[in-house]
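Consider the two complexes below, in which subunit A is the common component and subunit B and subunit C are the respective partners.
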Partner chain A sequence: MDVELKEMLDDLQALKRSLPDPSHQASIDKLQVHVEHLTNLAQYAPARRSKVKDMSAEVVDSNPYSRLMALQRMGIVENYERIREFSVAIVGIGGVGSVAAEMLTRCGIGRLLLYDYDKVELANMNRLFFRPEQVGMTKTDAAVQTLSDINPDVVLESYTLNITTVQGFETFMSSLRKKTFRPKKEGSGVDLVLSCVDNYEARMVVNQACNELNQTWMESGVSEDAVSGHIQLLIPGETACFACAPPLVVASGVDERTLKREGVCAASLPTTMGVVAGLLVQNTLKFLLKFGHVSPYLGYNALKDYFPTMEMRPNPQCSNASCLERQKEYLLAKPARDAAAKAKMEAEALVVAECPIHVDNEWNISVVDDSELDRTDGRSSDALPEGLTHELPTADEFEKQPTPETTFNSVDDLDDLRRQLDALNAD
Partner chain B sequence: MDVELKEMLDDLQALKRSLPDPSHQASIDKLQVHVEHLTNLAQYAPARRSKVKDMSAEVVDSNPYSRLMALQRMGIVENYERIREFSVAIVGIGGVGSVAAEMLTRCGIGRLLLYDYDKVELANMNRLFFRPEQVGMTKTDAAVQTLSDINPDVVLESYTLNITTVQGFETFMSSLRKKTFRPKKEGSGVDLVLSCVDNYEARMVVNQACNELNQTWMESGVSEDAVSGHIQLLIPGETACFACAPPLVVASGVDERTLKREGVCAASLPTTMGVVAGLLVQNTLKFLLKFGHVSPYLGYNALKDYFPTMEMRPNPQCSNASCLERQKEYLLAKPARDAAAKAKMEAEALVVAECPIHVDNEWNISVVDDSELDRTDGRSSDALPEGLTHELPTADEFEKQPTPETTFNSVDDLDDLRRQLDALNAD
Partner chain C sequence: MEGWDPNTKSALTQIPLLSIKAGPRDGAAWTQRLKEEYKALIAYTGMNKSNDNDWFRISAANSEGTRWTGKCWYVHNLLKYEFDLQFDIPVTYPLTAPEIELPQLDGKTHKMYRGGKICLTVHFKPLWAKNCPRFGIAHALCLGLAPWLAAEIPILVDSGMIKHKDDSASSSES
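Let's look at the complex of A and B:
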């Protein structure tokens, strides 16, 4: 635009010189004022930052990666720059998916694959990311526009399609298989698939694709009343797949499309969707960059700020044939996994044994077994002096609490299934 | 811009008619092509949506409030449109404050007061909200630019100042007192203050202002290693104020500015800051619109997805004189509070007593006391048939767990205080 305006000014200057009549010159002057004003306006038009070759840890205001590379110096992540090698696919660019895409873009992810077929509407403005001037654009186009301005280093691929159609599913599968970004990568062409869709049918399609490709994925959802949500990690064969625990609507044979009433829309909030997107991408970072503990399932109840966790094992009677295949492979690989785990434990034990042991014990210091101090039944500990109480359970104590596990011979609560169903019919 | 380009086209047309020489006409034609091209480009320039007089619940794609008004139909919020009456002040428009401001803007808050003195840098691009083309602008100007485009219905007031200076504090106080937006409001001119600053000094200033004004506020923070954060509700006189529990750095008399080393910056992540902003604004909505339970303190440990909660009572030895005044007022008002609570309970009991009672009991249905079925000590319940276990504690059971309370004669853990200090020196 700047170039174009400069050219116009030159042309007007030349025209002015060739026109001797003063009345014509006045017209030209007026045009010049317009062009100069437009040049000023154009200065406020988006200017993109240039690409960065390597992620620098240099602490200067002009470095977009300094606060991320600081994670290494703080001892949180071993090698942050590895993030540029990873590809993440996001299915559904709505209230959760768009924010997840922006977070990964700002973190400098290598490549993002975006799937959606919807258009941006004013009714979407109560959630983060899309702006009113993007109304009418496809969500994929609008997302690429915003994300490429924010971080031109990220490779963006967008697919404006419905994965639940035959043609859409084929394109979806081939895009996940494509390995041009990192040709030597094992398995599929992506490191993780994030499902951010708003209906059960699309989730079952993502589940089918990931089971076929043996692709680890994460599922997310927000309830129709906007005040609860969840994320879930799905590793084919190792954890329950999405078809392992069918919600009631399938069990009773009702087509979900008949459940949605005309003229009725679900509620949504930027807060709940922002929290769910944040938890989803935080677990994505932990999974890709290998730090912390990746939650197998994490719920969010906004009314009570309650965050339930659980683990779900695969269902040996799952209706999905690819899931059963992955379960068989996982069981067959058990001896190899056990041997590797044993070798790792032995190597770690060797390191501990090599540590220096203090022979002298001048001060009679003795090691107290931690378990004696632990409160395991919720009652106050005897180990504290009278009048003192613990403020909070520590994160370590929290981890020691037995994690409830869902197995398929102990589903004793229909209400629970109904709540899961509500969460699935999310927006 | 559109008007200007149209005018230029008309001028060129007139000029063309008055110039008989074909060579001049060719020049004009070239200029016309330029202007037409610019007109096309201008279509993609930000177009603002017009203001909306009332919040409509109508389910159409063009209604920016349909998904928020749906919260009423879903039974979550009694009167969503009341949000337009509220004023919220956000101190610090960084990684948490800017996202909080965007969430409240998209929720249609009545009025936002924004305070910051920093400029946007490329080094901020690893967090949500600011865009590379805003580098160099003040954070307040950039925020107003983005927020007014997103929702022109929100009244935005921005203050480019440092609240820790004498002049800045005075302007801060008078802006909080001003009641032009809702002249009949009791107390100060704002309904809630959100502290989203990154240092201890600024937090103490917000604390001082809110204690003086008897103003409820919420504090937020993210740790320097970017993997934990917290939010906290502070009601002068009723809960601990920020000076009630002095962190170690104050206790040991070290000036925090000497702790920050040259050339070293804190780590930060868009995920952690997005989650903290989401939890902060979610609790803001619960507080303003009176639904759910507002958390007195909520922590977020990202490595373990652990969310500790606690309550802190005011310290009768607090060093802040205004806090002690508010504590005295709160104690003096106790008889009136107790009487009001008793009257409310009696009114509710009357409603229950007026409910119809079934006299016939053909099926011998008896009411089982819930407490018999509750597990209160963490051990498995006897109420379930053999072989069945509960999957998860319900949110109700979670609430019944005793909330740990910090009192100031039971601070038994220096490490805990040190962790709190780390969280305060946040970025």
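Let's look at the complex of A and C:
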């Protein structure tokens, strides 16, 4: 555009020189001022940055990664550039998922897989990320539009589907298995799945997929009254799965009986969703880049600014068959795990002996053995830390009842039954 | 069953319970479950008819029985309001209930999630979870959709958000 504006200015000047009649001078000058103004504006028009081959630590204002690579220089992260190898799947591109996607995009994540079946609505504008001009676009397309502008280095894949349907689930599973991005990666094709959906049904579906694929994932949620939320790390076989115990939620402290639900389904705040997205991506970065402590469960009570934490062991009686398989595998792998942990301890002891840092231990921080930690067996409510409750009850002990056929319907052929219902439906 | 009205309670207790815990990805077990679903739906529909409380039609829209479509209606001030009804059986069924959709009412009420999914009461999910796998499609309609229609349709009609089908056209029959 600036080339054309430049040519227009040249033409105007040529015209001014060639015109013998000075009465047109003023209007040509006016046109010239307009074109100059447009040229100025054009400088700020959206220009896409080009892709960057290697992440540089050079501190110049044209380097999008200099402040991130500084984490490595400061010794917080050992190898920041590894982030470009990782694939993260985000299920649900709503108030939490879209913000998480933007954070990971700005961090220079290698690849993002985005799943949602919904469209952008004006009613979403109280949340971050989506813009009014994107109303009517699918959330996945709108997200790809914005994210690819922010950082063209990120490989983006969008899946506009509902993962809870049989067909959607199959596509979801095969997209997670696909290993074209990093063919040598072990396990599935993604490093982490982030569940940012807004309902129990979809969370159970993500849980099902991750248990079957032996895929580590993180759960996130914001309560329907918008004043509490949580994130949770789920490692199949090692931690409780989402079906091992009824879902844990942060008690908002608001009495359910005084909560007015007439005329509304759910409330939402950009603040609570932004905080939860931030906690989720922080945990994701720590998990992927191996720094700090990765939280197994972190709650957020916005009314009290209270952050409960806990850990949950898997339930040996979990209703999910794949969860039980993963638990068995985890137990079988114990000797190998112990040997690896021992080797790591010995290597660390060697390093400590060589350079004794933190001798004074000013803050009296002591390292606690993992096994000593208070791990709750998610099933019993009494063991829950203060401020956390179960969202749903467990299924009642189910006794096999006398086969109901004998009591009310002796037909046992599917087609006959279908015809029986059709006949009832016909009149 | 705290929080439920007596009509819902008595209807619910008469719907036969199911016993097979199987979802659409479970092959032969799902076929067995599907038979139980039909039996419960047949019993519930028949019961509604004999009680002069017929209020829905539902049938499987595919041979796998994973998608269901039909109609439901509600009578308010002697006028009948009828709506399309649809839902998919989720892959995690019956651990999670089907999400019932009334697509024609999408965007007309706050008591609905995107896509026309009805917003269930706080009592529905706990009761469903507690009774897995005994509750099926018929129970979801009885506990989920029936109370929703009873609560929301009068409000939608009185506020003018929905009109009776004879209202718009000048009725020449009368």
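We adopt the following convention: the second predicted complex is superposed on the first by the 287 of 427 C-alpha atoms of A that agree within 3 Å, B and C clash if a C-alpha of one lies under 4 Å from a C-alpha of the other, contacts with A are read in each partner's own complex, and residues count from 1 in each chain.
Definition applied: contacts are C-beta pairs under 8 Å (C-beta built on N, C-alpha and C of every residue); 3 or more make two chains touch, one makes a residue touch a chain.
The shown structure was predicted, so the numbers you read here are calculated from the model rather than taken from an experiment.
Give one of first, second, both or neither to describe whether A:M204 is in contact with subunit B, with subunit C, with both, or with none.
second
For A:S295 in the superposed arrangement: first (subunit B), second (subunit C), both or neither?
Only subunit B is touched by A:S295; subunit C is not.
Output check: A:P308 vs subunit B and subunit C. Expected answer is one of first, second, both, neither. What do you get?
A:P308: touches subunit B, not subunit C.
Just checking: does A:C265 make contact with subunit B only, subunit C only, both, or neither of them? Give me first, second, both or neither.
In the superposition, A:C265 contacts both subunit B and subunit C.
When the two structures are overlaid on chain A, which partner does A:V227 contact: first (subunit B), second (subunit C), both, or neither?
A:V227: touches subunit B, not subunit C.
Counting only touches as set out at the top, which of subunit B and subunit C does A:R127 meet: first, second, both, neither?
A:R127: touches subunit B, not subunit C.
Of the two partners subunit B and subunit C, indicate the one touching more residues belonging to subunit A.
So, of the two partners, B touches more residues of subunit A.
After the superposition on A, what does A:T160 contact: first (subunit B), second (subunit C), both or neither?
neither
Counting contacts the way the document defines them, which residues of subunit A are shared by the two interfaces, the one with subunit B and the one with subunit C?
121, 263-266, 392-393, 395, 398, 404, 409, 412
List the residues on subunit B that touch subunit A in their complex, please.
Of all residues in subunit B, those touching subunit A are 1, 4-5, 7-8, 11-12, 14-15, 18-19, 23-24, 27-28, 30-31, 34-35, 37-38, 41, 45-49, 59-68, 70-71, 73-76, 99, 102-103, 106-108, 121-123, 125-128, 131-133, 135, 149-151, 224-227, 263-272, 274-275, 277-279, 281-283, 285-286, 291-293, 295, 298, 301-310, 376-379, 384, 387-393, 395, 398-399, 401, 404, 406, 409-410, 412-413, 416, 427.
Taking the touch rule as given, give the residues of subunit A at its contact with subunit C in the complex, in rising order.
Touch residues, subunit A against subunit C: 117-118, 121, 162, 164-166, 169, 199-201, 204-205, 207-208, 243, 246, 256, 261, 263-266, 319, 392-396, 398, 400-401, 403-405, 407-409, 411-412, 414, 417-418, 420-422, 424-425.
Can you list the subunit C residues touching subunit A in their complex?
16-19, 24-25, 31, 34-36, 38-39, 41-43, 45-46, 49, 57-60, 64, 66-67, 70, 88-92, 95-97, 99, 110-115, 119, 121-122, 125-126, 129-134
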